[in-house]
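For clarity, chains are labelled A, B, C and D in written order, and residue numbers in each chain start from 1.
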């Protein structure tokens, strides 16, 4: 063990010495990764890891999909234009047309597509801007344990106090309301509605309500479909725009392309990023109902709105959604994951653990303090990449690539089981 | 002409119908671009364009550099990890080491490298956060006609009123001070210093001063080296952090790797993006002096901090800086550009035009109103991609790829000359 | 009736023509008042009114108390210093000493006395400032339907949307939480506690919680003693300062000098104004626990902190509190008022009315829309001064001078009864 | 000297023990004042002081004017209504009519009169609110070394860093621009105009510009009439409301009723307080041009808007302005004061002193550090009440009652001369 540590220290020297102290994942997983395929990653020592992390949801289609690789290589070889801001290009055109045909039209959705810059936070910032412009209001309601990004606009609707404090300035124009099931035995919709209807509530009529249907960073908290419907209904009654931040829960993560589909709701604005780029290259979209697409040209912009390699991979990724086969397979694997998780919970009652989430976005909330980091460290040693979330890092979070097979899930859960055992027996 | 327009309309239909009205470049250059190499681009009709725009400065090394292409293809083919957040990976390690050896060490710079997310605005947001954290102050001084990005933190130090208004909320914690030469016959440093020294000035001691040495979006306003030195000196005397936003002016654009090198100054924080990625893929860095690198792990994060394809191209791009050959060639070509610009200014006195900028970041400020858009439209028709900047779009802005040759510059200026002639004779 | 209106119009001409449209009370009570004594007022026509308004709580000791009048006249005649900022003066000294002896010492309260400027909003602004200074935090939690004043600091913790909107700027650094009984069947303390304990709630640990024990403008909502105790306990556990705004509910209005006495709680800061001046002259105090009195000299100031005529009357007013006689008499009259109110509620079931408040701070909440203004207008015609409160002006509010007698209360209620009858039969 | 100190300590015990540490004037003038008449004050030891302070400008008409005393006594004795919010009362009506006839009509001013609460800061807060409402803009431009009050709205346009810091929260929606003569050899109007005309200046078109024609707290900085005219002109050209805060410089302080009269300008809003109440009782007005008086009823309010005793004295005070006799006498006495000040400056070249101000609002700026407090302490010992102002308390400020006679001025200056001599010879 001592030897290993020495080797690792040496391996990580470049990062330790040259990189800012802000780096985090290279601390929890102290190795140098080199190759990846499907749901597996290898480091420079050739050690293999099962990936239950998937780039924090950016690799739903797994690492290095063959077809995506081929298409990117052909495009590069052919001197395809790589960077284009929001100029018209062939890959942008094809992506737009395929996105319409495969995603929007079959779901009866009338969204205009905005390329807001290549990151989730850019999409959220643009969503907040257009909601404020369209309504002429400034407040946005967000929810407890929400995470929407790290730039000041997105951070203002993010709930985590460590991240908010990092802003270095007070964050305004947002009101935090209780998410589904936030306070035991309390009806959070009644609470929200009361604040909206009372002219003396101290909360102004907001421009928008922004939410994640399943809160990833906040602890894999999945809102019920009934709660989502009530929020949607309340937005319609009060003429508030509903923004669904589907950056982490979208692109099939919960079993349907958009995470809100089973609720039968109809958000006014949808934020997509992470897996929308297919292969893990930076890309983001903001979908805006036609009637609210009131931007002036260039009113929001950014240098990297035209990442054509990402468009190539993204277009290829959409083929997964041409039939309902992919969606069904996700749901089947979600069941496998859920059963495995429940088995672990039952096996270790001393963890005081609870299942969280839906689809392939699940977690185990551990009631006993300060165990999760150790469990994840043990898992890493044993070849499983898995991280924590929640305000106190109390949830072990499972985001395997959606293309994982049953065997991969079971193997990963097996390692987790061993890691819990090892942690508890320390 | 009618035929052309009809064809174009048809060509742009996808963008017009499916994309948000926020799109801008595809309006000014209504075609579909397909291929690019060096300083040239071709659209789907095979029409060739000279690129005096270079992805708004993201393509300093030109389109599709052969070696970068080869290395990216090899990496993809080899199942290299594409997306990695801030995990350790081989390309990240190599980039860090080469950046230190080629850029930092020879310039005697002791910066820690932060990967803040893949866009310039992410870098600026992170710079503002750390400056506020380190100093415990909240105000940041920025300058008239500054552009630092479109997310709320960066927008708060951006000066343009149209862009600020787009925020939909008031922008705070920033004070706008006059840039070099802002008011005729007035000493802007005296003004700034007076506000700092007087306890009754209404301006609190700031956390930082943020500036571009050459303001790109603001109208190609180049600060004098003397002015930059005075700002740097004033920051040191008042214990204010100096942030240089070198997103557009850095990476060789003005002739040296960092735009501030000729001033002999020593910024505390430097923001890099655009051409740092070499080939035009999204990437950004924040360079922070060791003593100010006081981040907690994960205090600022983002999904796309580990764009490994960009690291591959970025590392290759650094080879240009191993000797001073590249730097000298930029300066020579800058002279060619300057002379050509001056010849045009002399030829058309009715434009009331003035030369702006330095290095290969130059512009012509047109005193006569409302001509610049027409000139750029004429240039596009004739095969030159060139855009405007400045608060009233009054400046024609030249940002050719740094790898352009003398012939390319002259050909581009020839088209511009014709375009001006055509516009004036309307 | 027509004649009357004409005469009134003429009477009000000066106000209509010369005063700003912001004037309000002279609209609801369109006459010119001239004299007042005890609980009665007379206009220039000699018409007598019973005063159930008492200067919105500024005239607890009634109009023109004989002893106060005599002492003020003697002071003026004697060339007593009238205006003194915060210089030492004889009346300021006497007031301080008497306030300590009669109010603070017997209640075991260790408060430093601050004269923050002569209005309630000044007291609240100073309370917020010192709480933020002492804790180094910026957020303040206030409650739904709170009213704390009209200057920007106080307005930021005021809940009414019409008043907030009047600010013309967004109001920050405050979070509105549900007051006691705000949402049917919901436990508002559970919500508040959950938001405080969860690091991912989106609500930062506040500097202070500010509350009125009985919300005057907000609709005569009286918090239960149990709720107040829980808030106090929660403040202590979380190291949050508790500010009680006793501007309207203090000075005996609810039966004890401070409204919070029956709850047995111990606020860190108390705001007093309105009746603290005895006779209705502008005066305010901020009481601050010794350990939190961390002001620098002059860190908060104001021209009218030394209103010596007010100090004279205020000192005289304190004699009412030398024994518990006055307190008991208030509680007896409160019972008379409550019974009278309940009788009216029973008599007019069609009003869907409910009793509100405690002490001599009571109200009738009318469930049927849009009746209260008419009722008050009818009451004015019949010689009763009474106003509405609540977010929709749905509550008729009773604030008679505390020195009123049983006969006065009954006479006033009799007029109200007639006015309701007349309104309902329209 | 020891004895004296002991006695004083004892005298001040009540204030030291019971009052908040925020108290300031009772520190610099450690005695208990008891009586006052005209320009003289006496303490409880019978010691007489000449008053060059006049309640910080609240006692322009001197202490205890005989007629005001008589009218107040008669009113109290007659059971006149003391407190009335904004109900119609006889004294309010008479004040309004006299103010129109004596002040507004002869100056051709069409202002609506608002009673915003009884303090200067209340008037400023109301002025900012209505300016923002009328224009729909939020920024207000204020000037270096401005002082407008201590509540958060007014503090946001106040420049002093100690006072701003006391807010405990960042102050927004304001931009500080350089006052007349702020930076040596720089044209402050050129700066201001450039920031307004440039769409890329970073400063939004403001709702209003607020200024004091002579900055009292800021160091008795008197703007030139030419500068005021330029600001006024610029406001008209850019459709910005001009607010003159005449709280300290108004009511005759500079020789005319409004301080801006000699500039021939026409502010849109004027704030009055301090001496408007005649005898030193709390009172304030906001004067608003008819076209901008767009308040909704009660949109700004406050308990002490109807201080009828103040109205009685205020109405009497207006008689001073029925002819130009009073105005002329102020200007004559201003000459006496100016000559005396200049004589002192000449006598003590080692002070490096400069004359400041105009009318009976003058000061001596002392170039040598840290003398002014000692000089004022010496003056107090010798029977002169005089205070300092300016960001570093570097200015000795003379605000004698306007009713002072030549003898009083000379006597006061004589004491000051002695005090300077004593200080310098220490």
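By our rule, a contact is a pair of C-beta atoms (placed from the backbone, for glycine too) under 8 Å apart; a residue touches a chain by one contact, two chains touch by 3 or more.
In UniProt terms the chains read A, B, C, D = Diaminobutyrate--2-oxoglutarate transaminase.
None of these values were measured; they are calculated from a predicted model.
J.: Which option, B-C, A-C or C-D, should count as the same interface as B-D once over half of the contact pairs match?
T.: It is A-C that reproduces the contact pattern of B-D.
J.: Using each chain's Cα centroid, which is most distant from the centroid of subunit B?
T.: It is C.
J.: For the pairs A-B and A-D, output the one whose chains share more C-beta pairs in contact.
T.: A-B
J.: Can you check how far apart subunit A and subunit C are, centre to centre, with Cα atoms defining each centre and the answer in Å?
T.: Taking the average C-alpha coordinate of subunit A and of subunit C, the gap between them is 50 Å.
J.: Taking the mean of the CA coordinates per chain, how far is subunit A from subunit B in Å?
T.: Taking the mean C-alpha position of each chain, the two centres sit 30 Å apart.
J.: Where the CA atoms of subunit A average out and where those of subunit D average out, how many Å apart are those spots?
T.: That gives a centre separation of 58 Å.
J.: Of all residues in subunit A, which are in touch with two or more distinct other chains?
T.: Those would be 138, 162, 169-170, 172-173.
J.: Within the complex, which stretch of subunit D touches subunit C?
T.: So the residues of subunit D touching subunit C come out as 11-12, 14-15, 18-27, 29-37, 41, 44, 55-59, 63-64, 69, 72-73, 76-90, 92-93, 96-97, 99-100, 112-115, 117-122, 125-126, 128-129, 131-133, 138, 149-154, 156, 162-163, 166-169, 172-173, 207, 247, 273-274, 279-282, 286, 288, 293-304, 307, 309.
J.: State the interface residues of subunit C toward subunit A in the complex, per the touch definition above.
T.: 138, 142-146, 158-162, 164-165, 170, 172-176, 178, 182-187, 190-191, 194-195, 198-205, 218-219, 390-392
J.: Subunit C touches which residues of subunit B in the complex?
T.: Going by the criterion above, the answer is residues 169-170.
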